[in-house]
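The letters A, B, C, D, E and F name the chains in turn, as written, and every chain counts its residues from 1.
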Amino acid sequence: MFSSAMEKAEILVEALPYIKDFYGKRVVIKYGGAAMIDCELKKKVMQDIVLMKYVGMHPIVVHGGGPEINTLLTRLGIKSEFKNGLRITDAETMEVVEMVLGGKVNKEIVSGINAMGGKAIGLSGKDGNLLQATLAAADGSLGFVGAVQKVNAQVIETLIENGYIPVIAPIGVDEERQSYNINADLVAAAIAVELNADKLVLLTDVPGLLNDPQDPESLISILKVSQVQDYIGRGVIAGGMIPKVQCCMESVTGGVGRTHIIDGRIPHAILLEIFTREGVGTMVINE
Amino acid sequence: MFSSAMEKAEILVEALPYIKDFYGKRVVIKYGGAAMIDCELKKKVMQDIVLMKYVGMHPIVVHGGGPEINTLLTRLGIKSEFKNGLRITDAETMEVVEMVLGGKVNKEIVSGINAMGGKAIGLSGKDGNLLQATLAAADGSLGFVGAVQKVNAQVIETLIENGYIPVIAPIGVDEERQSYNINADLVAAAIAVELNADKLVLLTDVPGLLNDPQDPESLISILKVSQVQDYIGRGVIAGGMIPKVQCCMESVTGGVGRTHIIDGRIPHAILLEIFTREGVGTMVINE
Amino acid sequence: MFSSAMEKAEILVEALPYIKDFYGKRVVIKYGGAAMIDCELKKKVMQDIVLMKYVGMHPIVVHGGGPEINTLLTRLGIKSEFKNGLRITDAETMEVVEMVLGGKVNKEIVSGINAMGGKAIGLSGKDGNLLQATLAAADGSLGFVGAVQKVNAQVIETLIENGYIPVIAPIGVDEERQSYNINADLVAAAIAVELNADKLVLLTDVPGLLNDPQDPESLISILKVSQVQDYIGRGVIAGGMIPKVQCCMESVTGGVGRTHIIDGRIPHAILLEIFTREGVGTMVINE
Amino acid sequence: MFSSAMEKAEILVEALPYIKDFYGKRVVIKYGGAAMIDCELKKKVMQDIVLMKYVGMHPIVVHGGGPEINTLLTRLGIKSEFKNGLRITDAETMEVVEMVLGGKVNKEIVSGINAMGGKAIGLSGKDGNLLQATLAAADGSLGFVGAVQKVNAQVIETLIENGYIPVIAPIGVDEERQSYNINADLVAAAIAVELNADKLVLLTDVPGLLNDPQDPESLISILKVSQVQDYIGRGVIAGGMIPKVQCCMESVTGGVGRTHIIDGRIPHAILLEIFTREGVGTMVINE
Amino acid sequence: MFSSAMEKAEILVEALPYIKDFYGKRVVIKYGGAAMIDCELKKKVMQDIVLMKYVGMHPIVVHGGGPEINTLLTRLGIKSEFKNGLRITDAETMEVVEMVLGGKVNKEIVSGINAMGGKAIGLSGKDGNLLQATLAAADGSLGFVGAVQKVNAQVIETLIENGYIPVIAPIGVDEERQSYNINADLVAAAIAVELNADKLVLLTDVPGLLNDPQDPESLISILKVSQVQDYIGRGVIAGGMIPKVQCCMESVTGGVGRTHIIDGRIPHAILLEIFTREGVGTMVINE
Amino acid sequence: MFSSAMEKAEILVEALPYIKDFYGKRVVIKYGGAAMIDCELKKKVMQDIVLMKYVGMHPIVVHGGGPEINTLLTRLGIKSEFKNGLRITDAETMEVVEMVLGGKVNKEIVSGINAMGGKAIGLSGKDGNLLQATLAAADGSLGFVGAVQKVNAQVIETLIENGYIPVIAPIGVDEERQSYNINADLVAAAIAVELNADKLVLLTDVPGLLNDPQDPESLISILKVSQVQDYIGRGVIAGGMIPKVQCCMESVTGGVGRTHIIDGRIPHAILLEIFTREGVGTMVINE
């Protein structure tokens, strides 16, 4: 027994330099994909987040919720059209999106974190006017798909100073009280910039940016902002990876220390990113 | 013009003694019934709540959401059975209740208050483990209808001290992360007791307790706890009024200053209760 | 009864946008003229000030006291000479001025505010060295008529942060402990600038600035700083209105948001100015 | 030069144990008599008070003002009658008392302290409702001579925590805003009790309590509460000394550490009392 | 690589429940024996202490220093006599003890903790009068061996609230400024009681209390205060273990949660005690 | 008796302007020389320091300890070589220096200050990494004689804000945990600069800078930075005075208000410097 216990102690101690470096730092986590579906992965994400809080970091969680939205839309017989990968969101759809994200997904994450010993508070962009939004497509062609206009981070500051972990559903609101469906990556990036966060972590279902999409070994560990145009031109950054990389660029050029596209299918991917030298996935830096 | 403006000034000044008396006091408001459906009434409730906050009170809102739940259940083809007026809540129903209350109704109230200039934050009982619950019927015959076991009011304290208005959906949670559907009156009473509130106000669709239910002029303005048994025996307190009166009794015997059953169909009923000598509806006191 | 009560509620709610706009703002009020003599007007001014405090503003009162000074001078057989409308203040007169302003008028206002539920503290410029003064006429031709040299606003900050309403008698002091009789308008303007106030309100016995002094309907609602010279040239601004307008100019160019010359003979003139869109009297702005 | 400078240093150091003992302690000083008339004595009292503040004590000054009141009454041709040594105070007299105490004497002390480097704020019992009073003689036979009913010390606490020295004129007020003329010794004792002061010092024009009034060498250094009745019976405590001793008794039985009747005619009498082992005058203790 | 990294993440997460339980708790550690001599063990103790601080505990370290004292005494040719295992401490010896403990051992621990990323401050019992002491043997037969009379923990409170780790040399002082050599176990126990600590951990060179001293497998994991007399009678608690057990008894009966006698020769023994269910060594509890 | 007591009171009052000027100011005192050896002088220095703290200054003490180091080195048979007046410090010597300064001298000063009623805390440069050091002679020719690289004054700020007097032994440390022996004058100057102190006082065994070293009457009271080169050229500043003057220059050019080289052999020299107009010794100013 002892030898194994001692090994554990050694591992705790190995974490010390990372704990020191991140003490008091703000880390915005975009939570989505497989890590939100698989039960075991879910639990591990919650553990990672609570551990981060206890060792002195300030995690802020932004979540998506695609599959659950689809389920309820289907049950209600509401059909969705997509344009450039974005769901055209009419009023009826918007109502479903808001109920699923704010009433179900958000609260599940909150109670999951609390069950691990954290103190989570769920917010939508309406709470404290957190996310002021406007139409993403000014011509209305996307319906109530929104773009972040302004982040009122005061409520987040109040909560993190008092020991809470904010969990945020990506719903925006405008002055007419209209709700907006906003991409969670964009919300995470905007909040990271407003909070002057040290890190933005996007949990995805890919290993990161790959030189060769077929070869998981071809991971690009570090991506400089200055390389992005070239990589897009060469097709290395393509498809769904383009908006993710753009989020990262916006956040690092907006003052966030580092941003990471990591593989949420790996158990404890967040801890691995934070507590190991190599990290996981692709790190985007402002160079 | 002037004479009318001066009249307005006089009325503001008439409010001064009430503002003084309630300065810094906590008022829990159970928001429900007609005042949640009629557009004009809704807007007036929001105004009342924001005004209370600006003149120094701490309003805390607990809301129900019956009709909207019915609508979605119907659209999804889920049937409800009732027992003693309580909806038997199976897992499928619970999910709908939670989405509607937490994702739709709660956020509508939040954005309504914000639109009037307040800073509202929506909470369900899961946020910060606010409402720890257990089965209301231990034999499971009511499904996931819950009873409040413990109120963790810390998050409410944090929010009201920082200028926010908490808006609470009556969803409870237990240690297994099971959700519970709790009666909003009971939640309001439990929170009022835990917060040591000065006032609990239940917005209803009746003028208050009537001696003769057919005669709105027969309002009982003050009801003493010591009179309740007699009134129930004589059938004056009957039907849906019994649980409301019981909520009031529990809160005043639990230390809340005064509780009021008022008529939410009257515009600005809350302000009328607070800012006029006569008040409105029935006041329950601990005598 | 109800319809009237509800009307009252509506009026309270109409005040909400103004309450929001002025929340936490500092408003310096020069209190004088008829509003200090007529019993009913006096009471209404006190109510206005206390209401302002309760709805979140920080009123600071500066008062004059001319008639009461005359009364005591007359009883003591002390004669006054005037020069350019200023009382030449010898040592004997100065003593009377100080006793009347600091011992009588100031304390009457203080107890009046307290009787309405406020917490007022009377100050003269000697308290905490609030008003450092020097001779207004360097050649001594005005006696101890003073000019404000420096405002030490620390005691005002301490008091308003602790919920008090400062009431200030316009007595200055120099390093030799000599007392000075300073014009209350000038003191109000200097304090407003030092406190970076949002509003300076001068209560007068005229409707404001009139295009035709004989025609109260000819009120100039807005006066731009850039217009002042022209208006003086044309005789629109004349006589006692000249120093009042100069006070306003000094305060708005010194950073005070807006300044107002209003008619203190109108009941609740201060509330009317703050809580109605049209306001009352003449507003001087820095354009 | 050096030997004398070193002697000075030695004397500063000798004060150290006293400074330590009184650090953070509250000392209420009744200021009156010769020490308020003689210019040199006045200045020394101001120095003593400022020094106390700088070395960490919290001096609170309560003053009388008899001779100045007489002067103005005489100039105005108002006659006073006395009953048991108390001036029967009609409305006209009350007005004079208030102007002289609050407007003249109080502000002179304030500016005197400020000139020595302190930060004094003058208060009358009206400020912050500091001294709630009632008729001293219920039958009205003394006019508006008052008795202290309640001390609202909140403003004193605010001021002393912010580095100010409160200077208090013994004017009381009742709920009808009537002013009262209260004996300064009584006010000092009531404030000392309310503030839970460590010391009450009464500056008088006698050496203290003398066994033989003709023999200044017959000073009674320590007077126990238990001895008072006997001393009164034997005529040792007599005349004007009776109310002074009663003030002292009320304050020590009310929780004030020690009270002192000292000779204000001695320069720096306050410092001598505090910074020498023997003290000066008579100390009343609760035994 | 990944599988091993993931294993590490799992181990971090396993620590979470312990981190939660000890969050904000005070743990007094008596540091001595082999763990102070062996270089690798030393480093691990420092790591353990810094990790504790970073995950929210408040470690307070008390150290001994026997061997280093002997070395210097020998080099200076000073001989020691012992009585009941205590070094008779004359003035010359006392000087050496103080220099070695306060100047060498204490500062080595401080710089060791700092090198691991902590912020340590070394204190002796003289600093802030932390340890007021008296003669352990009133007849002077032990020389300046001291007993703790009073712990002035104010400086410890100040330091731990500001993020520091106090490291304390067991030197006491009396009012005559005489230094005392106090047993470090006793100092640790007295400080734990004064601080109302949750845990006292004594690092020793034995596995804990053994039923059979020859058999390390015979460890007594839990020792109740009620069993101690019996165990002493039966010789199970004997020799140097008696004073250690007495320290533990005094601290748990004085209000400290739990106390532990653990084997400092095991690497990371402190972490093992805190972060594993079984703990290590013998736990003394107040039953 | 009285006349003498009154004289004392006068002297206290004479100190008032100085107390005012230095209120809240930071004064770094280099303590060394005769004032550390003579018993009477020692006691007077402690009194001076405690008095400074009680009248509102923040004294910070840095001490040397030459003679005591020599004593122990001699007893241990360790020989020292000197180079340019600096002791070449090998590892063995360094250990002795650290034990004597940190374990003996520092704690004696601490307990001396505490005995006078202060609250002193002893620190070495290792505590809180206060003094980061490097080799004074890069070629190692001076051994572990150190130069200050960085002052981490955070712990000093924490202590002085909480009422403590920091007493600092001039031991530095580098990242490899190597100890360094640093000249106390240099440490005092570096700390004064980092703390933005108002005064640096060097206690020496000379009257100050003399025009003619043989004539104590030839004291140069004020030395301007601009004069230093010339004075060195002319030999007025020579020998051990050169590094002292350089310390003073570095501190005044680094932002310290004034620095003083004073004669520690004069009793209460620090008080004389602070509380008399003439001061003592030589003041170096940045002109």
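In this section, contacts are C-beta pairs under 8 Å (C-beta built on N, C-alpha and C of every residue); 3 or more make two chains touch, one makes a residue touch a chain.
These numbers were taken from a predicted model, which means no experiment stands behind them.
A.B. asks: Between chain B and chain F, which partner chains are common?
C.D. replies: Touching chain B as well as chain F, we find no chain at all.
A.B. asks: From chain B, which chain is the farthest off, judged by mean CA positions?
C.D. replies: It is F.
A.B. asks: Please identify which chain has its centre, taken as the mean of its CA atoms, farthest from the centre of chain C.
C.D. replies: Computed centres place E farthest from chain C.
A.B. asks: Measuring centre to centre with CA averages, how many angstrom lie between chain A and chain F?
C.D. replies: Using C-alpha averages as centres, the distance is 56 Å.
A.B. asks: Averaging over Cα atoms per chain, report the distance between chain A and chain D in Å.
C.D. replies: 68
A.B. asks: Provide the list of chain C residues touching at least two other chains, using ranges where the numbers run on.
C.D. replies: none
A.B. asks: Can the chain contact pattern be summarised as a line, a ring, a star, a complete graph, or none of these (other)?
C.D. replies: Contact map by chain: ring.
A.B. asks: List the ring in order: which chains come, beginning at chain B and going next to chain C?
C.D. replies: Result for the ring walk from chain B toward chain C: B, C, D, F, E, A.
A.B. asks: Using the touch rule from the top, collect the residues of chain A that touch chain B in their complex.
C.D. replies: For chain A paired with chain B, touching residues are 72, 75-76, 95, 98-104, 106-107, 110-112, 114-115, 119-124, 126-129, 155, 158-159, 162, 164, 171, 173, 175, 177, 179.
A.B. asks: Given the complex with chain C, which residues does chain B contribute to the contact?
C.D. replies: Where chain B meets chain C, its residues are 1-2, 5-17, 19-20, 23, 44, 47-48, 50-51, 54-56, 116-117, 266-268, 271-272, 275-276, 278.
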